[in-house]
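You will see two complexes here that share chain A, one where it goes with chain B and one where it goes with chain C.
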Partner chain A sequence: MVELLNTLYATTPGTSLHLDGDALRLVHPERTGRHLVPLVRLDHIVAWNGVALSDDLLHRCAADGRSVTWVTRNGRFLGRVSGPQTGNPMLRLGQFRAYEDPGHRLMLGRCLVAGKLHNYRQLLLRAARDSSGARQTRLREIAARHAEALTELAAARSLTAVLGIEGQAARGYFRGLDVLSPGVGAGRTRRPTLDPVNCLLSFGYGMLRVAVHGALEQVGLDPYIGYLHGVRSGKPALALDLMEEFRPLLVDRLVLTLFNRGQVATRHTETLPGGAVQLTDEGRRMFLEQWSTARERKWHHAGLVSDLPAALLPLVQARLLARHLRGDSESYLPWTVT
Partner chain B sequence: MLDRPGEGPRSIPISALEHHAYCPRQAALIHVEGYFDTTVDTVRGDLAHAAVNRPGMGHGRDHSRLFRSLPVWSEEFGLHGVCDVVQFDPTGPLPVEHKSGSYRPGGPADVQVGAQVLCLREMFQAEVPTGVIFAGKDRRRHEIRVDDALVARVQTTTTAVRALLEQSLLPEPVHDSRCRRCSLRPGCMPEAPKHVDGLFMPRPEGEWHG
Partner chain C sequence: MDGDLMELLITYDVDTTDREGERRLRRVAKVCEGIGHRVQKSVFEIVCDPVQRVRLEAALSDVIDHQRDSVRVYRLNQGTFAEAHHLGAAIAPPHHGPLIV
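For the complex of A and B:
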């Protein structure tokens, strides 16, 4: 449906979700009354652990092609079900053939990284415009290095070189996090995250992954066989590949805006003994509300020359990738703004 | 794609003929890629079909026997499908295809009804000179004469669809007035560029709103 449908995020432990006619019924011992959501408005359900779904609801979702994803308290992917497998086996063969062909893999790796570099550059240029002095100079410097990286990318002759260019640009960007949002630390930390910014970034990437993983399955691609990230056991390499172009504007920009507007309060995160920082229940709710609103925001698509809501971008890009892998287009066109 | 030995050519769903007659890419998206999207028009069509989608026997106003959702097939042409309604007159069977919109003479529906008639001819060894389209817009029956020209059109379309199902490429998008009302437009993306220019050229700051 062209209509933008919603993802239901069920975060409160102890909640159970049931099928009630053509609606989803939420039940929690501490919430009185009937809470119904019409199923026709939902295209996806994300359940945090501690949330139970009835078999009836799962069967109905499978029949309608509505997928269900389970994630941990910190938003880490646990598993998903999506009804019968869709798509064309020929497409999967095309996906495998492209993986086996080093030239094709290199070309796709370059396109995927180009999308990410373009969008990071746009984020940096926009931030530079709104700042001044030394901060502006530093932001312009990082953006200039991304411009160089793009040019180097065109000349890259191996996947190792592509990964090197991407890695260097990413390090430069994360070292500049403190200029993008004054008051936050520089650098990227993961497993565990050591400050609130990195904590929100990781959580945001988790939600982005849920969306991209679902989009790939919906068009019939195998999320575990990627080009840039190759094949690693347990890693959804193609989902990670396709996430790259979305990270800057769909996640980083949202997180930085929340910090710059002072919307992230101390009660939203907590520091555990040892220094790991994680979201509190309130912080999780706050971010998901902002994320849901951001999903409706329209973004320009330079290739399709049209405006599309953020929530549809992963599906559109998964389709463009599928079309390319089936031989419909010469090259993969990442989503970039202009 | 290899068929099992002893099997004839792949049987084609009759609905795919109508899709192909409208747009070859639409047929490939539905029957090769397994992609389908709903719009107001398709939902309206489903609702219009609800009355004829309950399989079973009935009687027409003139007491003729009616059969709803009747599976039909043809070994000769390699076709299979389901007729909305087949009316059994003393002269023989008559397929009645229900459409929610208006009837366009010579359009894709003619091919669909033509294929249904070919199946009924073979199944009942009957003449079946015509088929009928009941259009929801004017609530009228439109009779379609299945002559040699229409039979030839059904055959060429069947061959084209069979070739489409065997190969992996999608036909080029038509990108014309047909796309305006097509429910598959979001997945078809007729406007998607085939070539990418300037992907590795830094661009100036964009016009997107922060």
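For the complex of A and C:
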């Protein structure tokens, strides 16, 4: 089994990262002393803009196959570098052929959406179990609609229909956000996010995207050729596809728990003139700490004997997808919990 | 998950009476910094797998002067680092915790 290596999140503006022997050296004008992190214990570096990486460090990371991602202060993806391309051409050909075949594309689209709907339904049902009265009824209603959507999905004959079912279920879910966590507003807003819960959700999806994108590259799939999300230049469609099944339990659940426990304080977010809400430095740190801890939480995986830490789920699912696209398995089975 | 991992404590004495000794001291530190966290001036805490341990010991052995310097490698029970108490101006190295800077 692979060792669960650490991800370094470099968020403080003005920090620069350098190579020092076999270690990474952190330099910030306000921090005294030498700060070293051994590189062997790192598998990924996420740098917020405002953080500089030295060329030596980048070259070393590329040589070791350690990838580096840059994100904006709000966690939106900016760019990513990794070493020489991994993976084999046969797998990529399989991936392209599946894209060209409308039937295959529809089948994969259905699998991906099914995983998402199923996991959102589980999240809703779990929340319903812990609540009572009108709240419980409403949560069960939304969950029931997800169940209906799953049945409709099986009968969907086109990708547009699949997207329609997904969109409708998602709208229903986000309208119920206020029931899932009392005190937060209903509805999804993005670019810009207009309330703290949406702000944290967007940030969390950004971190998830970093993880999924990396996992796809690691198994040698092209993150830009997706099935559910249309292919458009600069859009990592397959990463967005594979993210769907993880959103509910790895991001939404974490964010809602933080709100329910009252761990999100007013000092964690700020409202800009114009209404956009974004994380403060303290809020970003708080979320990343929670995110890092949640990465280690173990989840059941139906296809494997042992439970897996959340951090490895994207990698395992990317491998299963690759296995299917190579033709070694009949269909792709999304990660679902029961 | 971490079945293969072990916790090591490395302490060293390098004879620094001459320039060559100072150089060896720096090199020993460099090798250790590449894999573990410095907890005191010549004490490192290291979490590694068996292969990394062999590499580390080989690298240290290449650097030191076998007549004058000494390096001690202690293998500890898993979880010892987490339970360590410290007094005074000690540091708590982030072996498993989140790395956010």
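The rule is short, and it goes like this: the second predicted complex is superposed on the first by the 335 of 338 C-alpha atoms of A that agree within 3 Å, B and C clash if a C-alpha of one lies under 4 Å from a C-alpha of the other, contacts with A are read in each partner's own complex, and residues count from 1 in each chain.
Quick note on the criterion: contacts are C-beta pairs under 8 Å (C-beta built on N, C-alpha and C of every residue); 3 or more make two chains touch, one makes a residue touch a chain.
What you see is a predicted model; the values in this text were computed from it and never measured.
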Have a look at where A:Pro309 lands relative to chain B and chain C in the superposition and call it first, second, both or neither. second
Of the partners chain B and chain C, which touch A:Asp20 in the superposed model: first, second, both, neither? second
Counting touched residues of chain A, say whether chain B or chain C comes out ahead. B
Answer with first, second, both or neither: which of chain B and chain C does A:Val37 touch in the superposed model? second
Return first, second, both or neither, reflecting whether A:Arg140 touches chain B, chain C, both chains, or no partner chain. neither
Partner chain in contact with A:Leu288 - chain B first, chain C second, else both or neither: second
Of the two partner chains, chain B (first) and chain C (second), which one does A:Arg92 touch, if any: first, second, both, or neither? neither
Name the contact category of A:Thr11: first (chain B only), second (chain C only), both, or neither. second
Quick one: classify A:Arg175 as touching chain B (first), chain C (second), both or neither. neither
Mind sorting out which residues of chain A both chain B and chain C touch, each in its own complex? 1
Per the touch rule above, chain A residues touching chain C in the complex are 1, 3-4, 6-12, 15, 20-23, 26, 28, 35-42, 285, 288-289, 291-293, 309
Inside the complex, what are the residues of chain A that reach chain B? 1-2, 86-88, 90-91, 93-94, 110-111, 114, 118, 121-122, 125-126, 129-130, 146-147, 150-151, 153-154, 219-220, 299-300, 303-306, 316, 319-320, 323, 326-334, 336-338
Going by the contact rule set out above, which residues of chain C touch chain A in the complex? 1-5, 30-31, 33-38, 47-49, 52, 96-101
Residues on chain B engaged by chain A in the complex (per definition of touch): 32-35, 37-39, 168-170, 185-187, 189, 191-196, 199-208, 210
